């Protein structure tokens, strides 16, 4: 773990890339979910976890995680236009739903205003049986640590 | 308009491409929204509308539509794994929310089971002022025609 | 095999989607490679092959193909702007490089002019050892059939 | 300009995200071009340029750059498999082709080996007439500065 302050692994920043826009001149909507997922991965790494232990990567069919974390639900609200070159602050709020399921709400803040908000909900399943199973220990710890001492920003 | 039967413009099919998957072996979640948007465009074309009249394309800065239809909300539920090569039936259900806003629910059906469902909500704004405005006539007509005589499939 | 005429599996069409554009109002360049790959998959299916036999899909870790076909090189030339709603004709030209390697050149034609051209080169490797191996029989047959009786279009 | 050392704006790093992979367990090929373009944007920003001055963003149809930089050619070679969680070093080598055209070669290095290499070639065109024009001053300066005192890494 790199720090005891959740802000260090739950708050990121992003400068919007040209390739994420469409011909209306603003970000093409579903790229927000890519940003959410990438911010989550960045958070896990900053917290001290190894993505190779969490995500399948089939390197010679070894190193397969025992648990998969498929997405069962996601949603997003778009509040204001996001343009190429915009500086965004990204704030993650993880939450356990039950012992099999957790979600991450991700706020995208532009000049102190909420520009967009995404939410992704994961289920924990056994990689072999594809049946529901307990969340991995490491994810449980990341969620719990994330809610300790967290300075809630009033956005 | 190519037909008086909404099924002809509201029901499509898709064979899942390899590039839409991730290393867990199933579709990477947010590609579903790309499918939703593409199915909507396909529907408008089949109904008889021209995407060049509806979407900005900046061809020499001419042909700009007067109205933009930004997405203000989207969500998806994933019910079962979707693999490369799967045959999906796609069923669109458009609905006006009010005179400024409409949504399209898109069901993805695999072997008679609902594999996933997406929903996209659009707001109508004036391209110049970026203020809320009445939905374009053509979209209103497409939504109304879509709910006439529609044979509801019990999925 | 659905037909003895390679044109039936080597020539497709595409109406450009809004989501493939960027804020310059034209397609964002690398989406062309997605189109190339999808056109190739479509071609294999039309020829009579099953994508589930050719591409890994890890359904319960069964049905893994014995051979992977990773891409070792790709390139594209962009000749003229491609906009949302454009009708494109897609013409595939497969070619064996040697017994381990093949490529597919894909032309994108807009109103009888070459708008863009993509090329993807695949190597055949053993899924277990990850070593170079002979191209799968089915791919060899698809390439050979594709060059028989092909009516070459003067584009 | 943030530094006189081109390495500070030409060398970046990246941890590979899960969403960039496909069902073969490695990165899906064309995502490499997204990485190339994003690394280029990052380089321009680190050098001191504002992406809003270089890329179209149509904010209320104002702030349109006078020059567009469409991609006329791109290519990539893939040398070894790239997995989720891999740490990549990214090294950019910009080069003017002539007064209208420049290219950026981007090397992706994994554990001191070249894993992949991408190349993107841009043409400079007048945003209004869409005719070939001189490269923007800022881009010329970025290319020139990039070749001064550059420590060439022997990869």
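As written, the chains take the letters A, B, C and D, and residue 1 is the first residue of each chain.
FYI, a residue touches a chain if its C-beta (ideal position, glycine included) is under 8 Å from a C-beta of that chain, and two chains touch if they have at least 3 such contacts.
Note that the coordinates shown come from a computational prediction; the quantities given were computed from them, not determined experimentally.
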Of the pairs given as A-B, A-D or A-C, which one copies C-D, with over half of its contacts the same by residue number? A-B
Between chain B and chain C, what distance separates the C-alpha centroids? Give it in angstrom. 26
Separation of chain B from chain D, taking each centre as the mean of its C-alpha atoms, in whole Å: 33
Rounded to a whole Å, what is the gap between the Cα centroids of chain A and chain B? 26
What are the residues of chain D that contact at least two other chains? 18-19, 21, 23-26, 30, 34, 37, 55-58, 81, 83-84, 130
If each chain is a node and each touching pair an edge, is that a line, ring, star, complete or other? complete
Sort out for me which residues of chain A touch chain D in the complex. 15, 17-19, 21, 24-26, 34, 37-38, 41-42, 45, 50-52, 55-59, 81, 83-85
What part of chain D is in contact with chain C in the complex they form? 23-26, 29-30, 33-34, 37, 55-58, 68, 70-78, 81, 120, 130
Residues of chain A touching chain C in their complex? 18-19, 21-26, 28, 30, 58, 60-61, 83-84, 128, 130
